[in-house]
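Next up: some structures, all given as structure tokens.
In what comes next, chain A is part of two complexes: it sits with chain B in the first one and with chain C in the second one.
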Partner chain A sequence: MADKLLKREDLGKLIGSVVGGGGVFVAPTIDARQVVFKPVTKAEEIVTDYIVARNSYKEYVFPQTEVVADYTIGKDGVDLRSRKVEPKETVIFGARPCEASSLSALRAVFTWDFIDEFYTKREDKTTVISVGCTKADEACFCTTVALSPETKTGSDIYLLETESGDYLAEAVTDKGRAFIKKHASVFGAAGGEKAKKLFIPEKIKGIDPGKVAEKLSDKGHYEDPVWAELTRKCIGCGACTFVCPTCHCFDITDEGTAFEGERRKNWDACQFDTFTLHASGHNPRDLQYKRWRNRFNCKFSFYPNKFSSKGCVGCGRCIRVCPVRLDITEVMEELSK
Partner chain B sequence: MENTLRQKAKELLASGEVKVVIGWGWNRTRTRTTPVFITKSEETDRLVWNPLCVNNLSVYLTRKFKDVQALGKPAIVARGCDIKNIVVLISEGQVKRENVYIIGMVCNGVVYRQELWEGELKPEIMPTKCHNCDVRNPHLTDSVIGGKSSFVPPEAPAGMVFDKIKAIDARDASGKWSFWINEFSRCVKCYACRQVCSLCYCERCITEKNMPQWIETSAHPRGNLSWNLTRAMHLVGRCTFCGECERACPVNIPLNLVNQKMILVVKDAFDYRSGYDEKVHPPMIVFNPEDKENFIK
Partner chain C sequence: MSSYESPVKNNGCACGAPSPYLPVRATIERTTRISETERFFVIKPSDPLLLDYAPGQFFMAGIAGFGEAPISVTSAPGRKETFELCIRSAGSLTNALHRLGKGDAILVRGPFGRGFDLDEMKGKDLLFVAGGIGIVPMRSLIKAVLGGKGYGRLTLVYGCKTPEEMLFKDELEEWKDSGVDVRLIIDTAYPGWKGPVGVVTTLIPDLEIREGNTLAVVIGPPVMYKFVIMSLDKKLLGPEDIFVSLERRMKCGLGKCGHCQINSAYVCQEGPVFKLSELKGMHEAF
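Right after this comes the complex of A and B.
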């Protein structure tokens, strides 16, 4: 229940108290002519009129590049020293309810057979404050994947904008409750403020996620010529995977001089042709449509089946950034037939 | 024009002269265009022609697209600016002239990015390349669709890109450095710039060569700088200013500035402009005994 009120004029105070306490306050702001999630230090930097940020906030729990170890190569062998991750308290403000569902998908992978502390420690220190959407664009398809601007799962605190530009706040998790308690001076009691109407995008007609899943569970679909027909135009860049809030693949690379350096964990993309290239020269996904088919399966079959988590949250980022406008919903539609 | 294009495509496919027509089509909601590959003569009505046709489809002629090549001889729907890239591909031995049928489109300009479209092609939503276009009547074709364009480009190239280049040129070295370090800092190493580029046709890009790792793949300032500068250098004297890399960049790095600056330098140093004559080789890949520089002899 939204029983708290966060006034717009108090946002600066909230940022000040998070940043002043050594934390990071990430919010939608303008950078290079587009809305992106970035650390802010002043309320004026925050954009409130936006649909979704261009980037996913995953980069604050799973950085694009990070040092995981240092190494020295000596006469007696290699000395490999792990880095300790000591993340700062991080607040993600202005997430959308669709993408809030993504962290559980990331956590499922990063705690599956090995606890990846570089991820878990960051996520433990992260509070997600989402704001219900009052508008959408044609790339939004949350309702088609069974989410909506009303979805609270994944958010620690769920906000609704009021008619006067303030926020009605509801703590969803213990972390959210603790955050509101800690910042009690800015979260006052709500008293009948009216929330703006949420914009609920219509489900895309002709898409049946159940049918998509059913089709994917039958391995026979692999040789369906429809994959090549629909995705031949894919140019094999990593834009879709890098903006995707649930894509999580990374590559380990050593950087340095001949005898010492850093071991880094960098985002990788299944759409790159080297992603599955074997040392022998063989590549099991030798053509682009096979790489695209894999990504689609990852979203709608492999990960939902393995972890019962959302592989796709319907935020539409991949559609917006694709240089050839390869629309994932058009493929979903085809597989719903 | 759209009907004539569809008719032409239908004839080409029906006669078997080509096996696939690479063109633009609508997305589901008919709000954006997207590349289409038409292989059946009864499907040519999917082809569209309008100011939203922004993709330079010549990338699909490169060896990066083995499955497109496997379809058989292509016809490509191309504007003059796209044909410039095909010209470079031919001059660099990547495409044989007789192996591609070029359907040249007489063009009045397109939008810079499709999301800017509000139903009308206004000068302010057109890229700099369109304002200075000297190939609105396509220059290397097998057939031309559309009446003759009478557009005459300005004598001195003008527009946003040229204004910004002038502003950067006016800075001192450290000013230039800080401008580019800041711009490249946003790079996420998605390689959309490379993938969308028809002149980045290497099957193994230098950034993927890791014994040794010539270019650090990490998206940190050093890695980003080496990637963007290396790609720029590999396009010197070849880039035609089609603008695809900047359009594709998800983080808005102004790559058109880099590319146009190189074009100006090459014009100045070698009196060469790429993309006009398929029989002439780009200056950086030829050796000429008459070269005016002594060090090369």
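Right after this comes the complex of A and C.
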């Protein structure tokens, strides 16, 4: 229940309190004329008139590049030291309900079997405050993948904008309740403020997620010429994977001089031809359509089956960023036939 | 959260603390070049936990500044101080590894993945089919089997491009003496070679295979599997009777980075050893 009120004029106070306490306040802001998630220090930096930020906030729990160890090479040999993960308290403000569902998908990968503390410690320190959408664009398809602007799962605190530009707040998780308690001075009692109407996008006609899942469960679909036909124009730039809130593949590389350097985890993309290239020259996914087919299956079959998590949240980022206008929903539609 | 129960938990791997990405220091006790492109290493890890490996498992071996690569263990399990790797020079890291000598440091993480189930092989005739450097992980298994008791007849079919690429020639003789039916073949005629010439599959029709009591283990380059499996099928060895070990590009070894993923399986954790029946419908396996 949205029983708290966060006044727009108190946002600055909230940011000050988080940042003053040594934390990071990430919110949609303008960078190079685009709306992106970035750390802010002032309320004026925050943008409220946006659909979704161009980047996903996953980079604050799973950085694009992260040092996992340092090494020095000297006369006495090699010294390799693990980096300690000591993340700051991080608040993600202004996430959309669709992308809030992505953290559980990332967590599933980073905690099955071996536990990757570089991820878990960051996520543990992260509070997600989402804001229900009052508008959408033609790339939004959350309702087609069974989410909506009303979805609260994945958010710690769920906000609704009011007619006067304030926020009605609802604590969804214990973490959210603790956050509201800690910042009680800015979360007052709500008193009948009226929330703006949420914009619920229509489900895309012609897409039947059940049918897509059914088709993907039969591995015979691999040989279907539809994959090559629909995805021939893909240039393998990997942009879709970088903006995707659930994509999580990474490379490990050593970067430095001959005497010292860092071992880093860097984002990688299954759309690159070297991603699966063996040292022998053999490549199990040697053509671009096979790489695209893999990513689609990863989202709608492999990961949902393996981890019972959502592979696609319908945020539409991959559609907006694609330089050749390859639209994942067109492929979903084709597979629904 | 995961519906999949991994056969390998953090135990049996020294990579739990402080970070699974931090390798263990090891020392090269001995190294010999054993072919034009392969070098053999005897490695002593500073942490004895790394010696708790099974045939079929692998290590991430590396050098600071060059990175890491997945390398199959080639020694028998149960050793007290060292393990053995055999590394082909194929890129910048493996070339650098080839420049290392006795006493040099090497960084290793592991052992990773699921190895061979020796218990399931007890009482069975075993047919080992190796192509090229597929003999490297196969050697660990053959040595484990020869060191144990209760296995049936043992046959090794091993094919290479040239006799010079054939690895562990002395040991092949020893295995023959221990009762293994060793059959060797090379791809094309070569001066001095008196054995058969052709692909490894051509040796399979002549083998006497006891149906229902034979397990086959196939390790080789990706192109080999399909044809070997077809030949084994004619010998009435089906998906439940064949084990394979898959090669993949790997970076983490921990089931995270995604490079080795085929369909829903992370080869580094759920493999690299699979029963053929587990790969049913996995189109990119070979």
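Going forward, the second predicted complex is superposed on the first by the 330 of 337 C-alpha atoms of A that agree within 3 Å, B and C clash if a C-alpha of one lies under 4 Å from a C-alpha of the other, contacts with A are read in each partner's own complex, and residues count from 1 in each chain.
Assume a residue touches a chain if its C-beta (ideal position, glycine included) is under 8 Å from a C-beta of that chain, and two chains touch if they have at least 3 such contacts.
Computed from a predicted model, the values in this text were never measured in an experiment.
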Query = Taking the superposition as given, does A:E138 touch the first partner, chain B, the second, chain C, both, or neither?
reply = first
Query = Once the shared chain is lined up, is A:C270 touching chain B (first), chain C (second), both, or neither of them?
reply = second
Ask   = Which of the two partners, first being chain B and second being chain C, lies in contact with A:A228: first, second, both, or neither?
value = first
Message = Contacts for A:D251 in the overlay, against chain B (first) and chain C (second): which applies, first, second, both or neither?
response = both
Inquiry  = Just checking: does A:F199 make contact with chain B only, chain C only, both, or neither of them? Give me first, second, both or neither.
reply    = neither
Task = Please determine whether it is chain B or chain C that touches the greater number of chain A residues.
result = C
Request  = Please work out whether A:D327 is in contact with chain B alone, chain C alone, both, or neither, and reply first, second, both or neither.
outcome  = first
Common interface positions of chain A, toward chain B and toward chain C = 251, 253
Ask   = Taking the complex as given, what residues does chain A use to touch chain B?
value = 31-34, 54, 64-65, 138, 228-229, 232-233, 235-239, 241-243, 251, 253, 255, 264, 266-267, 269, 272, 274, 286-289, 321, 323-327, 329-330, 333
Task = Show which residues of chain B lie in contact with chain A when the two form their complex.
result = 27-29, 31-37, 55, 59-60, 64-68, 114, 183, 186, 188-192, 194-196, 208, 210, 213, 216-220, 223, 244, 247-248, 250-253
Remark   = In the complex, the residues of chain C that touch chain A are 1-4, 6, 8-10, 15-16, 18-23, 25, 63-69, 88, 90-91, 94, 105, 107, 221-223, 247-249, 251-252, 254-259, 261-264, 269, 281-285
Message = Under the stated contact criterion, what part of chain A meets chain C in this complex?
response = 68-69, 71, 73, 77-78, 80-84, 107-118, 219, 222-223, 248-254, 256, 258, 261, 263, 265, 268, 270, 275-280, 282, 284-285, 290, 294, 297-298, 301-303, 305-309
